[in-house]
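As structure tokens, the structure follows; a few thoughts come after it.
Every chain is named by a letter (A, B, C and D) in the order it is written, and numbering of its residues begins at 1.
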Amino acid sequence: MIISILSDICLLLGGILTLTGAVGLLRLPDFYSRLHAASVTESLAAPLLIIGVILDTGFTLDSAKLVLIIVIMVIVNPTITHALCRAAAHGRISPEMESETEFSGKESK
Amino acid sequence: MNELLGHVNYWIVIFLMMMGLYMVIASSNLIKKLIGISVFQASVFILYITFGKITEGSPPIITDNTDVYSNPLPHVLILTAIVVGVATTSVGLALIVRIQEAYGSLDEDDIHDINDNDDFDIKSRSIT
Amino acid sequence: MIENLELLIDVCLLTFLLLIVFAAIKTTNLFVATMLFGIFSFVTALLFLDLDAVDVAFTEAAVGAGFTTVLMLSALRLTGAFENVKHRHSVLGLFIVVLTGAALIYGVADFPNMGDANAPVHLHIAPEYIQLTQEKIDIPNVVTAVLASFRGYDTFGETVVIFSAGAAVLLLLGMGHAEPKHEPEQNLVLWVVVKPFIALILIFGLYVQFHGDFGAGGGFQAGVIFASGFILYSLVFGESYARQVVPASILPRFAALGVIIYGLTGLVSLLSDKTFLDYNALSSNPVSGQHLGILLVEAGVGLAVFSTVLLIFYSFSGVNHNE
Amino acid sequence: MTHLPVLIVVAPLLAAALIVLLNNRKVAWLITLLTSLFCFYASVSMLEILQEVDVISYTLGGWKAPFGIELRIDALSALMLLILTGSALLVSIYALKSVEKEIPDKNQVLFYTALLMVLAGLIGISITGDAFNVFVFLEISSLSTYALISLGRDRRALHASYQYLMMGTIGATFILIGIGFMYVMTGTLNIQDLSQRLPAVADTNAIRAAFAFITIGAGIKAAMLPLHQWLPNAYTYSPSVVSTFLAATATKVAVYVMIRFELSLFGIEFSFLQIPFDKILVILGTIGILGGSIYAVYQNNVKRMLAYSSIAQIGYILLAIGLASQAGFTAALLHIFNHALIKGTLFMALGIVFFRFASAELSIMAGIGKTMPLTMAAFTIGGLSLIGIPGTAGFVSKWYLVTALLDASLWPLALLILVASVLTLIYVGRVIEVAYFRPTLKGESQLKVPKTMLIALWIFALSNIYFGLNSDISMGVSTLAVNQLIGVAS
């Protein structure tokens, strides 16, 4: 019973975080801050969702695989964000200092 | 209502196919055409997989928990078709790279213009 | 309730797909269109998963979302054409599209409802496949059984399709060679993380290759995953190093070898006067014969797909193809 | 020898792989030649077997028919096999020198690989008894075809190949949609099984839509007139060996797919009585004949001229099928066979012209009747056969077509055939006039025409005359095939 409530909470929290991440991705002004918003989804929301699922299904071989996925995500996602940032810096996309919102930002160039 | 629910998948997939086909015909850029055709093919794949689904069925991997398995045959066919699709895409992309090298453009209209010029060159050469 | 939930997820994913394609049509930036296509493939894979097609979903994720996107990006890099500002509106095109759509809508009107267990598709052949797989082949994954044994000839054709795609790309672009000056910039974070991951990816590839009888997976997915390990290596550490590990010139032969392994496995049964690809001939016990046959055939597929995928990647990423 | 049906497909596929493994140009050619020789032998011996049995069935993997894939060779398949393997044999003799000249050294090995895969794909389509398998082998042949076309010297070959890739993929996907629709209504993919299960669900939208999609898909591959845009460029700019082989075989196999699906799968009753497909075919055929011929008259590149002529010939075949009579079907099959001979001859002759002058423009051919007498004589035989002069193969099939038209009391269309023949006379006449009655251009090429090319060309040319004078073989197989088709349907 408690486990199922816990799982629900995890799932709900994960869902909310995903949503905020998505909103951030749309609303934030430049490439770097958008990446920041996306990384929230990656590094917290997704593990939370997976933990929720694990709690719900109980501990089987499948949940071991899910744990592995969490581990991989935790390692890989920051690396990808790092690589993307470097690529952006390499491609001379400068962070926007003013807070003017620009939807089709400079990163498309 | 039942009819509607049972067919809504098909209708959306058909709309997806139409969009893919439109992308092929209406884009003048060769890469976009190729994306369009991949979308078109992928929607056909979804159509096939939809055939194979049984409500409350499980994936066709035999376990002790269930007796209802979705139809494995469409899965096999589409597995083959996906590979064929990728093969086509890669050949198409290779052609695109060569076209860009040879014509300096990936725009179909430009390429047609250049081709017409080539034709004209040959004619004028053969007259002289 | 559950059926409606499945349908709901379905419709949501399909709506996603519609939006993605719409955006892809609208965008004037080819890079964006390519990325959207990658997302499209990935959502398609999710949809397949929801429709119980685990093997297909796996293939779509590995091949469609992974490999195709990498290829398209490499092609974009080579052509350097990222902008595509022209829109053209073709009345004839719209007419053709609407006509096709109308014909499709007309056709599906008679279809049995989605998920109907009494549809003709589920009554003929498919039940026999599930039953025969349990009796004669004795592996849990029916898709693998149908793929490699019942319709093994199709799969042979499929392997040849991949091989011919490799040959076609090689004819068009050549093998290329790595640009010596063009080393990727040194990036310690990537190096540290990627190194163990390449090992993980390769192990995972092998797992998928040999676990195909029991769960989702098989030669195709394994081949792509195995190749993607090398592609990752090449992207992070530089292509010239990757080419030292697996030289491009050996890959066409590997691919051909894969096709030949498949073909010879089929031909062996002719010796004992069984038909082509009849794996019962491979062993005194029909069931273990089937196991052995499927193993060999999947190995051939895996080898052919791995080498072709890597070869195509080399062709696109190398330089100076037209000399 | 019971394994011939599968060996005829697997041999070229494995040979293609073997060529890559060995990676040697001469060996590649030799393997190609031996493989096509074997395939030709196999198809002839299967034709012999078919004199005694109705159909050769071969179940793959030891699974019986609707579960496993079945190879099914009836007289119609055997006719296609004869065309395919015969052309392949001659083309591979011809290829030795032509490929050396036209294809860069580093691509030659893969060229033969692709050629063998096209052959295997087309053979696979012709003998399979499984609807989905048609799609797989269609793609094997198509992918290799795209690569082969793109090897033409002209950069327009690349664009032609891309156009073909687009249209071909749409066509193949349409066929896939059609197969899916049939599958969803019947639950099976085996053609034999489908033809038994279809009548029960024939009166549904889904089956009618399936019919439409398969027809359009095959129509694109066959370059049926409004869907023909890919063909002229593809034939014009591809290397000679490729255009010869494609002109002799590729579109015919697409027509075969159409016949196989519409006559033996959907059945004559469905195709011609429930939906008026015969009328549609007659209209499309007529447009094709006239449109193709008129376009051909205006071309200055002889390869392109012949490409448009091919579109017109597909029109003849479709028109003959559209008559929905025994005579009409026989005429269609005969024309498939004879047209392969005709176009094989013409494109091979052009290939030799191209070999010497690196061009197939009409103006370049001035006076070459004197400098290349053997080549142009063969071209003339092919041309006469295309027009339909008595004593050539082209005459036989046109004669049967006109008789079939008169039987159906469609004399206006019979007149139209005559008009089209006059148009053919005009465009073939233009080439012959330039070749024989214009002064030779200065700067004559010194290249000697290799003997292998001439031998292959003349076998093709003489077969035009042989099958024009003695049509026992072609007629026999065609009649047998038609009887089986009608028998299956009734």
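Here is the rule we go by: a residue touches a chain if its C-beta (ideal position, glycine included) is under 8 Å from a C-beta of that chain, and two chains touch if they have at least 3 such contacts.
Owing to the predicted nature of the structure, the values given are computational and were not obtained by experimental measurement.
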- prompt: Under the touch criterion given at the top, what is the topological distance in steps from subunit A to subunit D?
  reply: 2
Statement: Those chains that touch subunit B and also touch subunit A are C
Query: Which chain is most remote from subunit D in terms of Cα centres?
result: A
Task: Consider the two chain pairs C-D and B-D; indicate the one with the greater count of contacting C-beta pairs.
output: C-D
- prompt: Which chain, with its centre taken as the mean C-alpha position, is closest to the global C-alpha centre?
  reply: B
Task: Find the geometric centre of each of subunit A and subunit C from their Cα atoms only, then give the gap between the two centres in Å, rounded to an integer.
output: 27
- prompt: So, what's the distance in Å between the C-alpha centres of subunit D and subunit C?
  reply: 31
Task: Find the geometric centre of each of subunit B and subunit C from their Cα atoms only, then give the gap between the two centres in Å, rounded to an integer.
output: 14
Statement: So subunit D residues touching two or more other chains come to 132, 136, 139, 143, 146-147, 150, 177, 183-184
Message: By the touch rule stated above, which residues of subunit B touch at least two different other chains?
response: 21, 51, 73-74, 77, 80, 84, 87-88, 91, 95-96, 98
Query: Hey, what residues on subunit A touch two or more of the other chains?
result: none
- request: Could you please write down every pair of chains that are in touch?
  value: A-C, B-C, B-D, C-D
Query: Okay, in this complex, where on subunit B does subunit C touch?
result: 2-3, 5-23, 25-29, 31-32, 35, 38-39, 42, 45-46, 49-63, 68-80, 82-91, 93-98, 100-101, 105-107, 109
Subunit A-facing residues of subunit C, complex: 29, 31-32, 185, 187, 189-190, 193-194, 197
Query: subunit C touches which residues of subunit A in the complex?
result: 75-76, 79, 82-83, 86, 90, 108
Message: Which residues of subunit B touch subunit D once you look at their complex with the stated criterion?
response: 21, 24, 30, 33, 37, 40-41, 44, 47-48, 51, 73-74, 77, 80-81, 84, 87-88, 91-92, 95-96, 98-99, 102-103, 111, 115, 118, 122-123, 126-127
- prompt: Which part of subunit D faces subunit C closely enough to touch in the complex?
  reply: 3, 6, 10, 13-14, 16-21, 23, 58-63, 66-69, 106-107, 110-111, 113-114, 117, 120, 124, 130, 132-133, 136-137, 139-140, 143-144, 146-147, 150-151, 177, 181, 183-188, 197, 201, 204-206, 208-210, 212-213
